[in-house]
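Look for subunit A in each of the two complexes below; its partner is subunit B in the first and subunit C in the second.
Right after this comes the complex of A and B.
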């Protein structure tokens, strides 16, 4: 009850201060833009704003930085849906159903759902952050290398859900992704792997380059082949079509709910990240759906689940920073630097000692979330007009923007070459009907799995029984076995049923 | 809370500092400081604060631009700076990768390809254990004969520290590399590792909140703000390891320019503004060296990293 009072006064303090509202607005707008710009993601966005923000009063500064962060989560969906190019890493999964929807003339519906999913996910994440942060921070600490390994094994088993019916091609694609994930300096032993003496590959391949290259450029290369004839079915982009119909909302309620919960629970874990959360949310939504075959061809739940998850994860990510002073991701490390530069000491006593600061800041999050819904709804029809632009013009512009965004990450021309290489890879794999999603899954999950296994084995000195020594780990491993075995069991029953039918 | 406070304008008091030794070099252009890690990291923060202190004190008519050139584990930024020989308006910040990436043969330039300006501070490390850990002192670790410690990377100071303790305490050490300080702290609090060597500013709050217990400090003297915590040396073990912060320029920069910028850094880090905004806030220890002394310090550190990486089998 006391928490609610504190939160209420925090929201009021944030809402009644025009300076604060302006900061939230600027942060959210910058975030939206950076999120939508392919390549630059939330970490870069917060880092870009940091030197500007530290000139302000602490609450205003942090409200702005956080605005960039959750704003980027909203914005990432825009290019994912309209152009099939993920605006940032956590919106990769949104491409898979969002872009087909746009091609079918349902861009408004998809964008509308992404706004609502972002809002619902954000709200669930916020409630978790503001009302249950202490509980969740303790839970996050229980996830050490052993538990993380088990979670990543569970995530990898999702390839059976995320791949296509061609199992062999799905697994080859996964294997390729796992291999790409090992490129760069080995974090455990320190030596370079598969860099072939090139310093470009030393820090590994930025996930944005892979995502933008494979989805964005790869799809563009494919489309060029189709020629100018195949124009998008002109849909109406009235405000009316922007609003998800209630039936969509009801249809997606399970995907929204599980997406939000998975996003938060995974986002809380230090080192796990929003992208992994969106993959789990998407796979779960597909698994639970009555029509899983529609996923990948424009299922609206396929937009709802990952968008709810990445927004929810963004608040989950803040839990350990505010309760313990532990940044759980690169973006949070930048936020923490901001706190320190402003003379605020993040740590377990922040809630007590800087109570007003924390609650006002949390208040700004609620306002920012609501604000973003209005901003995005207003902006989307303008953005959605992109589909009316002829392909020749559009592709040229998009490539310009993509090049700018990717170059902006490190100011490196080498990154552009790497991205182009992935564009070619994306084109080739699509041509040969290899699914892209398992590859992306491998790139994201592989390194976390490898690090988990090796860290665990260092502490146990090579004894594999450590993975059975934790109840969380055992639980997750049992879930994995169930996921893997259940379809086999079903198929077995199905074929037996068939054969009895035939013999009857 | 509605007033806008712009930091740069706030301090018009520091005019007394603006007198410089009469030198031939007169800066005409803005200075670029290349930081090879991303914005918000320790190197970036120290650099930006130094730049803003120099600006606040009006030590020089020109401005400082901090530019993050990341990639290639530092080799991208460092080779950019080293390639601009003779440029008197280009600095870069010394970090761990300044030494380690060239040692691995992954950079076309090494620490000897630069002109030293000045070292400004060292960051000590505080050895901490979780509050519920049975470890109360170094003796407990010696008794158990083994220690599982976390590090921010395998070629990083906490790993070097663990390695040194392995020899000095005659124990076996398992070093688990994580993706950053935050992950190490989370693993420590969750009981997944036993020991962390943390940045003072990050562990101070955890110590005061009773989440972790400090065992020893890695500097040669006690850390400001941690006056009760003994150093390893005081406890009888010859272990000192700190992170050096300093700035260098490309080769062949005219001597008077080097002297000019060195004097500016020295004045800035002697100011109360620097103490308040950096040293006190980040619990860093002032450590000001220039010229040959700074070069000798870098030689020594390079030697240490070479040794560590050879021991770990990363280089031969």
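Right after this comes the complex of A and C.
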């Protein structure tokens, strides 16, 4: 009941503030476009908007950034269905059935289902976020420095191991991130580290420069290698055909429900991400269907499940950020940077000390989720055409916004040089298949992890057994060991089985 | 440039970085008495980088064939290089020209460099100039008037 009251007042506070509504609208519009544009994903969108957003009040800024994130989840489906071109990674699964549906003349039905599935998934994710945030934050208050340190180690391990085929490069990426996080003044003893006599580096490298460089500029460089979107016949549709039909809802109810739940659970897990959630949701919907053979040929459940999952996952992703202060994905790391730049420390204390901020922000999410249903349907023609926007115009405008935004953070033009360097690094690491998420999380979580480890060891006078003194931290560290060892064990078993087969 | 070559060069650079981080960390002091010193954590990350980068380099020579056939087109490297140089020049030019004019020029250069060759033409150039001027003007108003950030003004007062 208390949660409902807090949420109700949060929604009212957001809905009654025109500035807040404008921020949600701008964020959602930018997100929709980013989601529809191939090449720039939600992380790039949030990173590019970060320096712009931090100029506003904290709730307005976060509402805008979150709007970009969940807006992108809505927008990706439009081009996937109408043109067979996924705007971002989480909408790849929507192409499988959405595009065949469009080719069969059911584009409106597929678009309608994608929008409503996104709304349902978003709503389930939001309810999950609202409930879990309360529970998590209460339990998280029991976490001391030792438990938080163990949790950070677990999160970094999860992020590094999951979502990559090359663990070696993933751990190097993490190591680089952890090192970059140590640049600047030592947090405990105050001496400079890796500053090379530069006063600019004394405060460390601003995370926003790394995020905008690696995700904004780096993705732009990567997109230079992509050919222009080939002109394909856009499937025809009418606004009327996008209206909800009960028969579709009834047919897709299981796919919608399981997709939303899978999306949320996978979203909560650090490192798993929305793309993995859509794949799992699609596979589950196919398994549960009475006509699995229709999947891939234009089954409407094949649109409902992944769309519900990616929107639900986007809110699941926020649970650990807001309750524990631990971002589980690159986009959340950028959002966390936004929170920190606005002087807010995410974590359980945020719910105690900034309760109004948290609930108003959650209120904006509910409004944004509903608003997106209408604006996505209205903007379908624009979103579909966005794929063909000329690259030169798009990148020129991105550079313009980025230049002003980066300058605006510290009123320093030198920051642009740092951003450019990280842009090149982002391009090179992406080309070489180094996952960027561990690097980014290493930079964000690294300084907190170092502080936790060193403070704990100062308390114990250098005795490492302090990390085994609490049942919570023991449990978390055991989980970490399992996560790290399990892939090695599996690989060992696989290679043994192979050698046995060969010798036989 | 072949990706495998870039991969090995990058691994080599990471090894050098790892050695630098490890040696600097030792200099910073791993322990102060019984408690970890400023070099403790960088040492851990340095060792992680160094050991794994050596393993990666060894792997690339022994059996890594997954990315051997890929190449980066010289044209892409050239565009990235010129864009990066343009950003560096912008940093020095902005105090002289003013932020909005320098941004406008940078945007035009970016557009010209990144546009698909088969979609260039008079219409594109016109749109690029108009879009760059409009974006620079909107950013100037948004950051200067709405967010109230002190911007850099040039000789023309903008």
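In this section, the second predicted complex is superposed on the first by the 276 of 504 C-alpha atoms of A that agree within 3 Å, B and C clash if a C-alpha of one lies under 4 Å from a C-alpha of the other, contacts with A are read in each partner's own complex, and residues count from 1 in each chain.
Here, a contact is a pair of C-beta atoms (placed from the backbone, for glycine too) under 8 Å apart; a residue touches a chain by one contact, two chains touch by 3 or more.
What you are looking at is a predicted structure, and each value in this text was computed from that prediction instead of being measured.
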item	value
First, second, both or neither for A:81, with subunit B first and subunit C second	neither
First, second, both or neither for A:458, with subunit B first and subunit C second	both
First (subunit B), second (subunit C), both or neither touched by A:209	neither
Touched partner set for A:337, first subunit B, second subunit C, both or neither	first
Which of subunit B and subunit C A:404 touches, first, second, both or neither	second
Subunit B versus subunit C as contact partner of A:191, first or second or both or neither	both
Touching partner for A:270 - first (subunit B), second (subunit C), both, neither	first
Touching partner for A:25 - first (subunit B), second (subunit C), both, neither	neither
Partner chain(s) touched by A:55 [first = subunit B, second = subunit C, both, neither]	both
Touching both subunit C and subunit B, counted on subunit A across the two superposed complexes	55-56, 188-189, 191, 411, 414, 458, 461
Partner subunit A, residues of subunit C touching it in the complex	3, 6-7, 10, 14, 17-18, 21, 24, 28, 31-42, 44-46, 48-49, 52-53, 55-56, 59, 67, 72-73, 76, 79-80, 83-84, 87-88, 90-91, 94-95, 99, 103-104, 106-108, 110-116, 118-120, 124, 127-128, 131-132, 135-136, 139-140, 142-143, 146-147, 149-152
Touch list for subunit A against partner subunit C, complex	52, 55-56, 168-169, 171-172, 174-176, 178-179, 182, 186, 188-189, 191, 193-194, 220-221, 224-225, 227-228, 390-393, 395-397, 399-401, 403-405, 407-408, 411, 413-414, 416-417, 419-420, 423-424, 427-429, 431-433, 442, 446, 449-450, 453-454, 457-458, 461-462
Residue ranges of subunit B in contact with subunit A within the complex	1-8, 38-41, 44-45, 48-49, 66, 68-73, 75-76, 101, 104, 106-107, 148, 153-155, 174-183, 185-187, 189-193, 201-202, 204-206, 208-209, 211, 281-282, 309, 312-314
Contact set on subunit A toward subunit B in their complex	13, 17-20, 43, 46-48, 50-51, 54-57, 59-60, 140-146, 185, 187-192, 199-200, 202-203, 270-271, 320, 324-328, 330, 332-338, 340-341, 343, 345-350, 360, 410-412, 414, 451, 455, 458-459, 461
